[in-house]
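Reading through the structure tokens given below for one structure.
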Amino acid sequence: MNSKGFATGIWTFGPCPDRFCVEGYKPPRRMEEYLDDLVKVKDLTGVMMHYPDPVDEQKAEAVRRALEERNLALASLDVDLFSNPQFARGSLMSPQPKIRKKAIEMTKRSLDLAEQLGSEVVNLWPGQDGFDYPFQIDYREQWDLLLDALEEVASYNPRVKLSLEYKLREPRTHSTIATSGVALFLSQIVQLPNVGVTIDLGHSLNCKESPANVVALLDKFKKLFVLHLNDNFRDWDDDMVVGTVHFWETLEFIYYLYHSDYQGWLGLDIFPYREDPILACSLSIENIKWLLEVVAKIDSQTLRSFQKEGNALEALRYLKSQI
Amino acid sequence: MNSKGFATGIWTFGPCPDRFCVEGYKPPRRMEEYLDDLVKVKDLTGVMMHYPDPVDEQKAEAVRRALEERNLALASLDVDLFSNPQFARGSLMSPQPKIRKKAIEMTKRSLDLAEQLGSEVVNLWPGQDGFDYPFQIDYREQWDLLLDALEEVASYNPRVKLSLEYKLREPRTHSTIATSGVALFLSQIVQLPNVGVTIDLGHSLNCKESPANVVALLDKFKKLFVLHLNDNFRDWDDDMVVGTVHFWETLEFIYYLYHSDYQGWLGLDIFPYREDPILACSLSIENIKWLLEVVAKIDSQTLRSFQKEGNALEALRYLKSQI
Amino acid sequence: MNSKGFATGIWTFGPCPDRFCVEGYKPPRRMEEYLDDLVKVKDLTGVMMHYPDPVDEQKAEAVRRALEERNLALASLDVDLFSNPQFARGSLMSPQPKIRKKAIEMTKRSLDLAEQLGSEVVNLWPGQDGFDYPFQIDYREQWDLLLDALEEVASYNPRVKLSLEYKLREPRTHSTIATSGVALFLSQIVQLPNVGVTIDLGHSLNCKESPANVVALLDKFKKLFVLHLNDNFRDWDDDMVVGTVHFWETLEFIYYLYHSDYQGWLGLDIFPYREDPILACSLSIENIKWLLEVVAKIDSQTLRSFQKEGNALEALRYLKSQI
Amino acid sequence: MNSKGFATGIWTFGPCPDRFCVEGYKPPRRMEEYLDDLVKVKDLTGVMMHYPDPVDEQKAEAVRRALEERNLALASLDVDLFSNPQFARGSLMSPQPKIRKKAIEMTKRSLDLAEQLGSEVVNLWPGQDGFDYPFQIDYREQWDLLLDALEEVASYNPRVKLSLEYKLREPRTHSTIATSGVALFLSQIVQLPNVGVTIDLGHSLNCKESPANVVALLDKFKKLFVLHLNDNFRDWDDDMVVGTVHFWETLEFIYYLYHSDYQGWLGLDIFPYREDPILACSLSIENIKWLLEVVAKIDSQTLRSFQKEGNALEALRYLKSQI
């Protein structure tokens, strides 16, 4: 790994609403205020933002300046295909041509703006592309529409990476790009080198995957493009502070990252509904740095000697001795 | 069962937001407009509402009139202890005396207003009472505060039933009143006959319970007070249209209800984010009536003869023949 | 779909043990007795068996005769890489060369014997290939070993199909070939046309997939090779009678199969621990035939018209009218 | 807490079969050989055993001697109501009077033998009492039969504690005594002081409970009788080495135990299928002792000051500083 440093989604500093506390657990503020708080977090030097809010063609220059003033980099520009109710029943795979065209157009603009603002990647999470009920959509058409859309947008601007963020569910009961396997398959089948995969640590846990194993698989095929770090209780995307639930599996995830060719940001995607966002980011970074220190101490030969035998218990005992 | 008929939560007709589509998938409207839509649903004669919005002391008379004009009954008046961010870290079990007092006060007012408006029950879902992270709260204090609060509110107005709605999680990662077992235990230990339990069908599925079995257990101890009907995919409270995922278990749930002493409403608690609420309620009621027809045809002696042997397959084959 | 008819695993008729009732819920019997029971099930004309027990080079002729006498076809010959404790820590991806070689050898023999006995496919479920604890194995090495092994065995006898059966977990806490996405990716990346994927309906439910959606995806890429039909409660591979839990999703699965190019068997993979296996197979087949009848009545144009709008509720209402 | 020390189930040292590796991952040995291995584990001074195998009236004296020779105490004598296929469809709640009588009789004998052998508690896990399919049993009858049986056995020998071990599922898809709430309710409603509850840490995680919170609840009502310690990945009872998956929640569990009135054993209930049982027990105990050391360092006042605010993140940061 040769990471660009720590980044976070700007939404971490927002109201963090849910369906029961609709106004959000905190008051909304201006983008600049979010950034002012963000730079109070030690080691945070990148920020992930969405198109078209807070970044669009009109606001691009203001955003560039706001970042520059604070010595922040745009870690990724992500296209927001979920917050507008027009995408309620799908964006890139919407069976309604007009809506799908809009989604494709927005993704293209995100790619261009990302390039303009110095971000090498657009994270693509088509959260509304999926279904809620059995028989709701035609699955065959869905795959055709999605693959065509991916090809169109990824070939439109091949200088910017397009990273597919898989997620099992939410806001739909079933997402189309649900698991690492599906995302990897799609990124392979489109045959475009700028298409890769985002691992959101919590999404991976929610799929009951081993996140470390996903790192190994994606890295083998050079498809690990973006990281979203967080934690949860496995059954939902709780977007909690990194390392507060899964200690061993987060350590293992960091271990495989450390030994991978990953070149991107260590991006936080947390939703501190009731928590102070500065503290939530800080503790996440402290935890990751703690784990990185442990990882640096692990002697790979020793670990491998236990793994050759599948001796998990001696491996864990050895790791414990390094904490 | 001797049900009062079908009811629904008025929120079914609202914007149905989630954390990604914050403004909601539909525009908000006035309470009267919701009720106008509600009465378009065949067989819907009751409505569940929250205190203090849309019902409080000031609006009570207007609500009474709006219901009367449409021949609707108030099925239950539920206290909203979740939407105001002041309750973000707990209501009835908040360690902050002022906030807890506010929650207790609101629950008492709900009881009084329910009585005034002709509803015999207040549904109590303390959704913010729980925790998100390990070590976040003192669990011992939590149980003391909750039990004391339950005793205080339930004994305050013993003429109105107080029904505890359990839920595994959301909006917290862990609710305090999480399962049917905990709710039944609490309702027993407070030793007040007006305290009972709400089964939300989807919450029960989310707990990996057999909802029919919960009906049998609560009915045995005369603690089945309120029903919330819906469906989901087991891992989350999707609040879907009744019977669209779990056919056999919903049939079984209705079967046990039918043979229980339940005297309340058949209340819908669905969240039709992207669906027409009139259609969502209508299909829910059609499905329940379909299942009730099947249930009425089931010969209990025949079914029991298979159950004596634990012969699930002949039981299911017999049931299939009655569909 | 142009299916070869109904088949079942011969293990359906065995003792069906679990870790708590080790001797099994029923006494073991001879293979011929299992087959005698099997032919009592209406419409069952195929059987799935394992190499090397009950089929190996020595027993092949006796098995051929036993099947012929009962007018049964060998639906698939599956290689058993799980029951022998030598494979406890992996078979095809075992880091121990001798064990891995043994597993590869057994798979090759299964391919040859399948060809000899007239089965066009070997189902490959490497159940012990995976891991239990964090840090137990080297994930990078795992993928290399597995891919190499798949290439070696699949290219060894290209006249027989090799179908990868994915499963989330059990007997390991994590399987290597865990989801449909991973299985599809592997079958694509090996670039051998005789490598495809098995959908075990219950495994798919356990992955929280939409099984019908998986049919659509695999069929699009001509990778749907084998079916295992059963049901469960989503969180474990309960191997229950088909259609006894998930009515709508099983109907939807059958609907997509019906409209697919699938040419193989409708294979049952159930584990009737406490049930009569004849009854369990019979009810499974009755349920599938019932669903096939419904599917045949569904007018695709009508359904598509609702799907164009994402109108799940009218779609389901229409389907209900066809039951 | 004032624990009696560490104990383990003797089954830890057995073949550990599963349904796919029926003979077990290790060869079976004699009871004495298991005990010889057990005493090699540092700090292990108690053992949990089952009636009627390896302990029954005939073998009681030999067992007593074998334990005495090794300075081991019988931590609990548990009644085995699951391994004999006669109980396949239920034991204490079997609708077949003869089978139910047998189960009741066996439980009574366990109580007497426990007393005779110096164990103060019988752990009661009626693993076959439950159901697999919808409509399989009559739930109302089930609760009656179970409650009657509990009363009968618990009042038969009030000098021995009877501890109900709840479990969500396995070997049935649904257990009757499924959650801590149900177990606590049952232990309360029978009104016999010798009836309490066993927390199996992994069962609690599998119920998606907070195990520490369950400790607090049971301790408040003096119903925490027995502990089974292990770990898992939440969705199944993997019976893994303690602390190898859930670090924070295991720490929190130990913290609440430490501050409880628990007087029993720290019992391991692990199933080291592929692991060396001596190592598996040793690492479990090492991990628990490590956590106990951390717990001893935690200043409750400091922790409480964060909890008063619901400030989980400062609480966790403080805890991290104590590791």
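For clarity, chains are labelled A, B, C and D in written order, and residue numbers in each chain start from 1.
Basically, a contact is a pair of C-beta atoms (placed from the backbone, for glycine too) under 8 Å apart; a residue touches a chain by one contact, two chains touch by 3 or more.
From a predicted model like this one, the values you see are computed outputs, not experimental measurements.
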Subunit C reached from subunit A - shortest hop count over touching chains = 1
Consider the two chain pairs B-D and A-D; indicate the one with the greater count of contacting C-beta pairs.
-> B-D
In terms of CA centroids, furthest away from subunit B sits chain C
Centre-of-Cα separation between subunit D and subunit C, whole angstrom = 35
Distance between the centres, which are taken as Cα means, of subunit D and subunit A, whole angstrom | 40
Whole-Å gap between the CA centroids of subunit B and subunit D = 34
Please list all residues of subunit D that touch 2 or more other chains.
-> 89, 132-134, 169, 174, 208, 233, 235, 241, 244-245, 248-249, 274, 310, 312-313, 316
Note which residues of subunit D are touching subunit B in the complex, please.
-> 89-90, 95, 131-140, 142-144, 168-169, 174, 178-185, 188-189, 207-210, 212-213, 215-217, 219-221, 248-249, 251-252, 255-256, 303-304, 307-313, 315-316, 319
Mind listing the subunit A positions that touch subunit D in their complex?
-> 208, 233-235, 241, 244-249, 274-276, 279-280, 283, 286-287, 290, 310, 312-314, 316-317, 320, 323
Contact set on subunit B toward subunit A in their complex = 16-26, 82-85, 88-89, 127, 132-134, 169-171, 173-174, 232-233, 235-236, 238, 240-241, 244-245, 271, 273-274
